[in-house]
Amino acid sequence: MEETTHSSVKKTLGLAPGSVVYVGKKTSSDLYIEVFDYDKTFFEEKELDHIEDAYSFIDSKPITWININGLNNTEAIEKIGGYCNLHPLILEDIANTQQRPKIDEYENYFFVVLKMLYFDQDEKLAIEHISFVLGDGFVISFQESDGDVFDSIRNRIRNNKGRIRSMGSDYLLYALMDAVVDNYFNLIEAMGDKIEELEDELFEEKPNEDITYDIQSLKREILKIRRAVFPLREVVNRLEKSEHELIAKKTQFYLRDLYDHIIQVSENVEIYRDMIWGLMDMYMTTISNKMNEVMKVLTIIATIFIPLTFLAGIYGMNFENIPELKYKYGYYIFWAVLVVVFIGLLIYFKRRKWL
Amino acid sequence: MEETTHSSVKKTLGLAPGSVVYVGKKTSSDLYIEVFDYDKTFFEEKELDHIEDAYSFIDSKPITWININGLNNTEAIEKIGGYCNLHPLILEDIANTQQRPKIDEYENYFFVVLKMLYFDQDEKLAIEHISFVLGDGFVISFQESDGDVFDSIRNRIRNNKGRIRSMGSDYLLYALMDAVVDNYFNLIEAMGDKIEELEDELFEEKPNEDITYDIQSLKREILKIRRAVFPLREVVNRLEKSEHELIAKKTQFYLRDLYDHIIQVSENVEIYRDMIWGLMDMYMTTISNKMNEVMKVLTIIATIFIPLTFLAGIYGMNFENIPELKYKYGYYIFWAVLVVVFIGLLIYFKRRKWL
Amino acid sequence: MEETTHSSVKKTLGLAPGSVVYVGKKTSSDLYIEVFDYDKTFFEEKELDHIEDAYSFIDSKPITWININGLNNTEAIEKIGGYCNLHPLILEDIANTQQRPKIDEYENYFFVVLKMLYFDQDEKLAIEHISFVLGDGFVISFQESDGDVFDSIRNRIRNNKGRIRSMGSDYLLYALMDAVVDNYFNLIEAMGDKIEELEDELFEEKPNEDITYDIQSLKREILKIRRAVFPLREVVNRLEKSEHELIAKKTQFYLRDLYDHIIQVSENVEIYRDMIWGLMDMYMTTISNKMNEVMKVLTIIATIFIPLTFLAGIYGMNFENIPELKYKYGYYIFWAVLVVVFIGLLIYFKRRKWL
Amino acid sequence: MEETTHSSVKKTLGLAPGSVVYVGKKTSSDLYIEVFDYDKTFFEEKELDHIEDAYSFIDSKPITWININGLNNTEAIEKIGGYCNLHPLILEDIANTQQRPKIDEYENYFFVVLKMLYFDQDEKLAIEHISFVLGDGFVISFQESDGDVFDSIRNRIRNNKGRIRSMGSDYLLYALMDAVVDNYFNLIEAMGDKIEELEDELFEEKPNEDITYDIQSLKREILKIRRAVFPLREVVNRLEKSEHELIAKKTQFYLRDLYDHIIQVSENVEIYRDMIWGLMDMYMTTISNKMNEVMKVLTIIATIFIPLTFLAGIYGMNFENIPELKYKYGYYIFWAVLVVVFIGLLIYFKRRKWL
Amino acid sequence: MEETTHSSVKKTLGLAPGSVVYVGKKTSSDLYIEVFDYDKTFFEEKELDHIEDAYSFIDSKPITWININGLNNTEAIEKIGGYCNLHPLILEDIANTQQRPKIDEYENYFFVVLKMLYFDQDEKLAIEHISFVLGDGFVISFQESDGDVFDSIRNRIRNNKGRIRSMGSDYLLYALMDAVVDNYFNLIEAMGDKIEELEDELFEEKPNEDITYDIQSLKREILKIRRAVFPLREVVNRLEKSEHELIAKKTQFYLRDLYDHIIQVSENVEIYRDMIWGLMDMYMTTISNKMNEVMKVLTIIATIFIPLTFLAGIYGMNFENIPELKYKYGYYIFWAVLVVVFIGLLIYFKRRKWL
């Protein structure tokens, strides 16, 4: 998982290109290998202890899906890469969790890099690196750690639901990518909830002052999501347009559909981006509005009592000859004047719509 | 109708691609099927109870328009799809109200997705999903619920007005799309009214504080409209440029005209977008202006009375030897000084243009 | 004239495409038809009462310019359209003042829509719809109402000035379009004046509070101008690049020149757009600056007199035993202290550069 | 020189296209013609009184550079244009100082328009219109007025420095354009100095209030520079890519280099644009910071003295029975309380980091 | 090193194109020449005193890397350029530290310009100009001064690690460029740290007022980084797509990988750009929030004590007949009223959430 934008960038610096170095969190999960072997009529599911046990499945005729969890086990990656004759740069990219989504077309296989996105327990955006190798009759998927979005696909293979068992390995790759993209909609939904929460908070009486920080975090997250989603358009487009024999004509319709979904996610990302940027403006006006309220209260109080206090000051003076002071009802007349001034100011404020 | 941006996104997650699942509001309307069968000389209009009754119209020679309301009746969609040999992904898209506008060209038919937009009773933007299948001699339209913008077309067919009865099914599709797009102009007009209302409110004495919220809502709505309108340019462009034999040469002129209309709507959307973004700035300056007014009142009152109160305080002191207190006209001289100071300050404020 | 962005949008809704409906102001001018018939040696100018009288000019050999004012006379438009065999959609576009600038190339003629722009008596931006049909040996222009920018062209034809009399109808179309575009420079100039006026007003002592409204109006106007000018680039470009035999090789140089002018107008529009957006920021800082000034005055007055008033308050107390009150020169010492405090504060403010 | 964006736009309005009208300042300089005739071995430099004297140089074999200053002498422009058979629109563009940078390729010559940019005595941006005609063996340059950036080229020709004497007229054109572009770097540098000056001023104690105006002027200037520089990319690119025989293969390397320089200028312009836009934000925060300071002073003074004054007011009351007044040390106790309150408030402000 | 954006721009102005002039800091390092000569089996490393000693290595069969430090030694550059037959413009670009990243393809060699970026001791961004010439069997690198990022490559050659010794000169060029790009990740990381620091500072009690200046500096730096990184995309893309025989097929995979890395850096730059722009907004809201706090304190104090002071003023008046003054418990009743008013105001503030 990519915790900060630049964590662990350095680990591969200074190494020869093609070096297989895992740059993610050190505490990644143990090596876990599972294999699905199937065609229209046949089905087998297995957990493997050693990567070498997978070789026979790749060579066998039915469609094979090998799923490998735990990118820190670079040795296993190198072995299977060697067996399948993968280019050294691909092996580097499988282990390099900083690699952005991309597709590479080679003579005998396709290499695809995606990102699984989800909010972790702390409501922080987590990014998991996942890569696929599509070969003739097999797909190998490399995941950073346990837990994925492929359970529905496992079930569809096991129970022969839908058309997955009657299609080739290209359809399997499509189904896996589709599952990843489908999950983006959950993410988008959670993002929308977060934005609405912040909007609501902005209209509360006393918004948390950290709200600028929350908005800035949201910006950061939406920018990361963009970075994971936008290159996908190019990836799927090139996969669909590819004239490589590994991609069957009838799979292209599905890839076009997948492309539509990615566009849809991208558009939502753009809309949320705009909304988040707008939040900052909303917050500014909210602050200004509150300041306005505060100032009004001060002004009303001051404007009413300062002149009255002045009047009281006048008759607190010690001039020997202040005729008003000697009037019998002077004090009561004074109060009457105060009340008149007071009411006059109230009317003035009402007219200015300050009250 | 799509109520929030992400409502019901999840319903199709984890299903096999091509599953026909209605993702809109559950309370959609009942199944309603109507058929128009016509050519230059012949005309028949019918309501059907069962989708199977529509098959004969499709096969018959005159142009047929089958309009199906109620996307939650997925069974009917699957049946007609099966009869017309539609690709499973199309059936999924017909029922998936989240699908963005698009066009798919298949060997024997075109598939077009549009959005009908209107403001509902609560003045909220409602989006209705609508899709068309254009085949040889027929158009099938699938609407999310009752109520549409096609009454003028029904009348033109019934009364043989304009050239619709003498043109093919491609012209019918054009006419239906044109009716949807024409309706956007109403929407644009309503949007313009909303913006003007908000602008006027901004210049009122005491704008509603929720106005930031209203502006943010407007942003959200204009972004949704954009999302519904912008892909249409591509849709109509590809329809016009298509060399499929279903699209007659003479219909292309009409499609080009439709394209022009969409560009016009898009441009208005962009202009309104700019205007709405400007509203926030206007609001900020309005707030600042009001604060300025408040501060000026406070400053004027304080600046006038604080020095006067000070003077009154001076002669309220109890020093034994304050010569002024014993002057016969001391009190009156004091008042004279007050009036001079008062007038001096007034002149000062006038010069500063604060009064 | 298009008064608001969306006025009269609805009039054509629900009509069959190709319906000739005038959507501008109802009080448009009467039908007015003038004809110029000329070649190198021949010249005739006439006012016509009936559109039918124009037919012979079109068929005659010399170049013919028919100018028709008053789009609300849809009957005349339909007649001439029928005689020249124009496509029904063209007739609709001629009358539809909402139509954006565009060019349509048909087999025997070109159809061009432009906008004449000017500021009316109330200093509001007025937009007049104008369209041209270029055929073999003739140009027909349709104007919304009286008054245009073509007088210089009329004179050049009458007096055989420049090369207009020795060129074909394509050059005539160029000359008419060039006159419209040349007039944009006046508009741009007026726009520049308006912006400068607003800038100057912003630096006045007491800017009108409606200035935000004026800026917002200016935004609206510049966006409308953009909408009228930007599509022109495409229009002229396509006219220049056209390989239609109606456009002579030597006219292309002139069209390229026209294209340059449009680019120049577009660039000015973009610059003014940037300037107008900047005005809002300037206004905000101006407000803030003024608030700052107000606050400073308040602060200076309050900071000087509040401590002094406190001191006066001290010696206004009635404690039986306040030794200072009994000093012979107590009152004068008190004044001395006041003056010292006063001067001290003045020095403080000077140092802070508040005075 | 183009003083304001729209000055003198009107002069050509209503004239036939191709009219040679000078639209710059009326007080332009007198006609000044100089000729350089050279090849590898031969060199001649002359000042001419009549444009007709230049004809023989054009026809002669060595490379000829004719430099004509004073665009208001339209007669001379028309004569040389007639002799070289230039298109009338070119002559119009030579004299039209409003013309943006462009390149036109004709059968026998190239026509290039550039802008010389510099800051005049008043530190205002001045734009001088300059155009080149590149023909077979000659370059004619038309300048608006005296003073240019070509002295280094004159010297290189006179002294046979560099490779200019051994190259053709295409290299001469390149060298002239390169001199113009090189000068942009000076401009860019001056612009950078202006921005830094403004930035420094923003951090001064009391920034000039006209600073918003200065920033707005800077925006205006950078937008004008953009308008002069950006089209150049296209101009040089088309010159380099041209397959016209006038442009030798080996000159293309130099043109590519020139293109690089223009890109570099463009990038600097964009960066400065961003910086200038940022200045406004900086100014806003500076104002807000200063306001904050002012408010703090007011608040501290008011918060300290208002409660103290209240206390003094209490013991200035004339109630017959106020026991404290009769205490022997009442007055001193009162002062003690004041000091305690005073110190308490100071501590409070320290804690809030206001002091 | 490029210290300011426009430093030393002028040095080459007015010189003939192709003049080799060093425009960087005058105090650049001494000439330093090192040579690596190697193939699969052979390896030799040498320091040279004279550039002429390098000629034999270039002509020899094994791959040669000549690294030249110290661009101010223009003589050496001219000599080696002459020996390798480099175009004069290339020699100019090698020495011109202002040159932006670019690639030029010539008949017998490639010329590539890059920028090494790092933060110097003062935490300021330093830019070092570096250029490569790739010829048949050799790469020459020209560095501005000592210190580079190539140590890992030197070691890989010396120790025959990775595949560098078994590949051609094109792979060497790739490796060198890759080292430069890898180092950008460090820079990006440092940039991220700087932004986070500023963000943290913004939330401190009393942010440094120079923070606007820091943000503006950061903007400037990110714009410079952009300028160094963005053209690289084009550079590497053109290198990869080149069909020149110097670029082997198998090296293209590596170049594609390098391209991916550059895209990744570019994306990070764009994200940081957005973040930095957001910082200014954050700062504005922080200031406004603080002002709000200040105003609240002032308002609370003033609102509480101004009415109380008024009341005290009332009973400080000297009217002869104020009945309350004569009440036995008048003073105590007065205090009771004060306390009631005081508590009332506290409750009011609590309700408004100001306390």
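A, B, C, D and E are the chain letters, set down in written order, and residue numbers restart from 1 in every chain.
One rule holds in what follows: contacts are C-beta pairs under 8 Å (C-beta built on N, C-alpha and C of every residue); 3 or more make two chains touch, one makes a residue touch a chain.
Labels paired with UniProt names: A, B, C, D, E = Magnesium transport protein CorA.
Owing to the predicted nature of the structure, the values given are computational and were not obtained by experimental measurement.
Where touching is counted per the definition, chain C and chain D have no chain in common. Two copies of one chain, chain D and chain E, form a contact in which under half of the residue numbers belong to both partners.
Mean C-alpha position of chain B lies 26 Å from that of chain C.
Inter-chain centre distance (chain A to chain D, centres taken as mean C-alpha positions): 42 Å. Shared interface positions of chain B, i.e. residues touching 2 or more other chains, are given as 284, 288, 291, 295, 298, 302, 306, 309, 313, 316-318, 322. In terms of which chains touch, the assembly is arranged as a closed ring, every chain touching its two neighbours and no others.
The sequence of chains round the contact ring, opened at chain D and continued through chain E, runs D, E, A, B, C. Chain contact summary for the complex, chain A toward chain E: residues 4-6, 9-10, 12-19, 87, 89, 92-93, 98-100, 102, 104, 205-206, 209-210, 212-213, 216, 219-220, 223-224, 227, 280, 283-284, 287-288, 290-291, 294-295, 297-298, 301-302, 305-306, 308-309, 312-313, 315-318, 322, 324-326, 328-331, 334.
Within the complex formed with chain E, the residues of chain D that make contact are 151-152, 156, 161-164, 174-175, 178-179, 182-183, 185-186, 188-189, 192, 199, 203, 253-254, 256-257, 260, 263-264, 267-268, 271, 274-275, 278, 281-282, 284-286, 288-289, 291-292, 295-296, 298-299, 302-303, 306-307, 309-310, 313-314, 316-323, 352-354.
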